[in-house]
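Quick one: the structure is below, and I'll ask about it shortly.
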Amino acid sequence: MAGLTVQNIRKTFGQHEVLKGVSFAVESGKFLSLLGPSGCGKTTILRIICGLETADEGEVLVDGQDVTKVRPEKRDIGLVFQNYALFPSMNVAKNVGYGLKMHRVSQSEIDARVSEALELVKLGGYESRRVTQLSGGEQQRVALARALVTKPKILLLDEPLSALDRKIRAEMQYEIRNIQRQIGITTVFVTHDQEEALTMSDQIILINGGKIEQEGDPYTIYSQPASVFASDFLGKANLLTGTLACLDGQWFVQGDGFRIAIKHVGGKEGDMVKAAVRGEYFEFCDPETEGANPFSLEKKIFTGLSWKLIGRLGEQPMDISALGISAEHLKEGGVFHVRIRPENVVYYNTTEEQRV
Amino acid sequence: MDKKVKRTFNPVSLWTLPSAGLLLCLTILPLVMLLIFSFMNRNLFPGQAWPGWTLDNLTRLMQSKTFWVLLAKSLGIGTEVTVICIVASYPAAWAIAKIVKPRSRSILMMVVILPFFTSQLLLIYAMMNLVQSGGIILTALQALGIEGKSILYTNGATVLILVYEYLPYMILCLYSSLESISDNLIHASHILGANRAETFINIVFPMSVPGLLSGILLVFVPVVGSFVEPGLVGGSNGMMVGSVINSQYKDNMNMGYGAILSCVLLIVLCLIIACVSFATKRAQRKIGGEV
Amino acid sequence: MSKGFNRVMMVCLWLVLAFVYIPIVAIIGMSFNDTPYGMFPYIFTTRWYTTLFTTSNLPGACWLSLKFSLLVAVSAVVIGTLTSYGLQACSPRVAKRMNSLIQMPIIIPWLVTSISILLLATFVGAGRSYPTMYLGNLIVVLPYVVLLVNARFQEMDRTPEAAARLLGASPARVFWDVTMPGILPGVLAGGIMALIVCFNSFALQYYLAPVAVQTLPVTVFTRIKSGYQADLNALSAIIILVAIIIVVLFSRMGYSAGSLFGMSSGSKAKKGE
């Protein structure tokens, strides 16, 4: 199995600089997600890795070898396209076996390996079906089988699940990850869906405007986002504006009508900051409890999994996400007290919007 | 370090070169030849050396009344045929595009276009057959007691046959444009109070301009340049400019003169097409408002 | 839409169709008529068909035209398909220029095209000959092939070709395995169009064919000039039958009349929706 390294990739299309010096590495056998909004350049990175685009600057190394100048058909990298890109004039078996045919494998071996691959993606017996008659999910699996059957060094997936129904998406997320673990292939997965990235990856790279915003494992990125962009992209973050204050050695962020205790990592008293607090980190408590802040509930929305409580912490708008049981009894118009643990608050300076 | 040169050139695009070469040699170059031969001294036959230059053909052209008269006549016939085709095609194309059931549409259009797949000469022959003395039309009229003379061998016959040949093209072009106009637009226009004529002028016509222009191009140009039809059915007074040009090569061998006539014909056609295109687009903009 | 208006439009449509088809139907009818001149009396016979296939020189000319047209059509298909393939890889500006250029032969009157090519041929010493006629026909049918294959490329998904490359296929392999099957309908339609247009290209053959060579259109022309010819009726009927077959073929392949002529509308989306 092979590791992947991408060094200092720059790419400009016409007047638009799409990638501004991107570097990262994926360890052999690991699952990396490139996460970011549309247009951030993540698909371009993928295309540069497999050779369908050439970077203006920078190198791509597979297993330590520089493949930057190697033609796409020789790179031994598998790619699953967003729209599957199956060959309409061939049946499932011919589609899946195409790569093997190009590698001059004997027909009997092709047949055997194709069957194996189809079993792996749970489409055993589909060999002679027409690809145009398959459902989206089935086409997806054929595309995956086709990419894997040649046992490439790296597997790339370009938003493969975005065209699928929610339920099938969830299933496929699980299956792709399973298969990947089973085979142990180094994988790069491109998506704009943060939940998908969080669910499937060993490692997430957050990309914005052609640059890497943050790199880390899912939990860290989610709970310790390094910038306002990151915290907002990975789930709804409430942003509370306030100033840093220190009382008796305990640091706080103080604003209109609220005061939250924080873990101090930088900045001095009086600095204006934005504190990001996730809606699900709040606990209900009594007014006398240490760290309690008043929350006035304006609107209550049921989303199935939880209640969304829209209201104000002091004077600032905020959303709290609460599981069904704990929030059922709360009434709109009322005022409750909530607290949040200091380690769950992340704050940023207001100018660069980066962690202080 | 210098930036790598951006490779936006795809070598696959080189596959267009054979066509480009053919076009150059078989369309552009021949047109140049037309120009060159216009000023040629004597006729040239394969293998001979160049006979020398002269302006005789030009002077002859300037002094010839026949050519200019026939050119005007041909342009007139071209306009006549085009107008008749437009007038007949709008209702027919509209009917197919909007009134006929959607499933029958492509069948009907194939029916309309069928004559294209037969031979031009066959169509001429079929129409000749119909209108000649002893043909069906005159025989039928006779049966009704009406004495008639065959329209054959008159200018009228030429117009009739040309309309017959080119009508399907115009219908096809108009259909293509009209079909793409959503019914909702027509409904909206009516709801806002426009009557049928106003809807046509303000909504339908501007949107049918692309098809109209294609149609005019496909009809007017060949009609003006036609020589077979006037030759076969036009009679002794039926000559058109195409006939004159044709006779320079088939009857009296006058390559240079024929060449210069062809040049003039082409130039006139280009000018007219450019004017028509400009005028129609301008009308389209005036009706629709400046963008 | 009021019923009255619709009715008027439909009447116009039927009048136009009648106008177009009455002469054609008449010819077919006459081809079975024993009376050699004129319509009456009408006696059913198939003897003109027998004459056509035995003593007439028409079948010979027809066969010659067919062979020649096939040659032109195959050449046009190969060159045209490669051209269209190349055009997809050109920058949009260049592609637009090339497309306008390629359409030039369609809009120049065939009389002028024939004459100008004849002059060129004379100039280079070839004159009226098979190669000249071949090239002349080739250039007028090429645009049809390019237009039709272009249309096919427009609606085709190109990502499978990228997928094939990543699976190890060389560019030539990709073209053969993936691209060609995709554009095949366009290629076939282009080939048929080329065949028909060449088969019927009277003006070009009249000017460019070697002197004694009689292709079908030229033969028919001479015959028409000599007046009513009963076996010509029979031939006409056959040609009409072939045209019907071709039209049905095109319908089966899913072609609308518009797409055959490269009209831009062929898309499902309507303007204003």
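Per-chain numbering from 1; labels A, B and C assigned in written order.
Here, contacts are C-beta pairs under 8 Å (C-beta built on N, C-alpha and C of every residue); 3 or more make two chains touch, one makes a residue touch a chain.
This one's a predicted model, so the numbers in the text were calculated from it and none came from an experiment.
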Taking CA centroids for every chain, report which one is farthest away from subunit A.
-> B
Which chain, with its centre taken as the mean C-alpha position, is closest to the global C-alpha centre?
-> C
Averaging only over C-alpha atoms, locate the centres of subunit A and subunit B and give their separation in whole Å.
-> 60
Once you find the CA centre of subunit B and the CA centre of subunit C, what distance in Å lies between them?
-> 17
Could you put a whole-Å number on the gap between the CA centroids of subunit A and subunit C?
-> 55
Multi-chain contacts in subunit A: which residues touch at least two other chains?
-> none
Which residues of subunit B touch subunit C in the complex?
-> 8, 10-20, 22-23, 25-27, 29-31, 33-34, 36-37, 44-47, 88-89, 91-92, 94-96, 98-100, 106-107, 109-115, 117-130, 132, 134-136, 139, 164, 167-168, 171-173, 175-177, 179-182, 184-186, 196, 207, 210-211, 214, 217-218, 221-222, 224-228, 232, 242, 245-246, 249, 255, 258-259, 262, 265-266, 269, 273
Taking the complex as given, what residues does subunit A use to touch subunit C?
-> 50-52, 72-75, 77-79, 81, 83, 85-89, 98-99, 102-103, 146, 150
Sort out for me which residues of subunit C touch subunit B in the complex.
-> 1, 5-6, 8-10, 12-13, 16-17, 19-20, 22-24, 26-27, 30, 37-40, 79-80, 82-83, 85-91, 94, 98, 101-102, 104-105, 107-113, 115-123, 125-127, 135-136, 138-139, 142, 146, 171, 196, 199-200, 202-203, 207, 216-217, 220-221, 224-225, 228, 232-233, 236, 239-240, 242-244, 246-248, 250-251, 256-258, 260-261, 263-265, 270-273
Report the residues of subunit C in contact with subunit A in the complex, numbered from low to high.
-> 157, 159-160, 162-170, 173, 177-178, 181-182
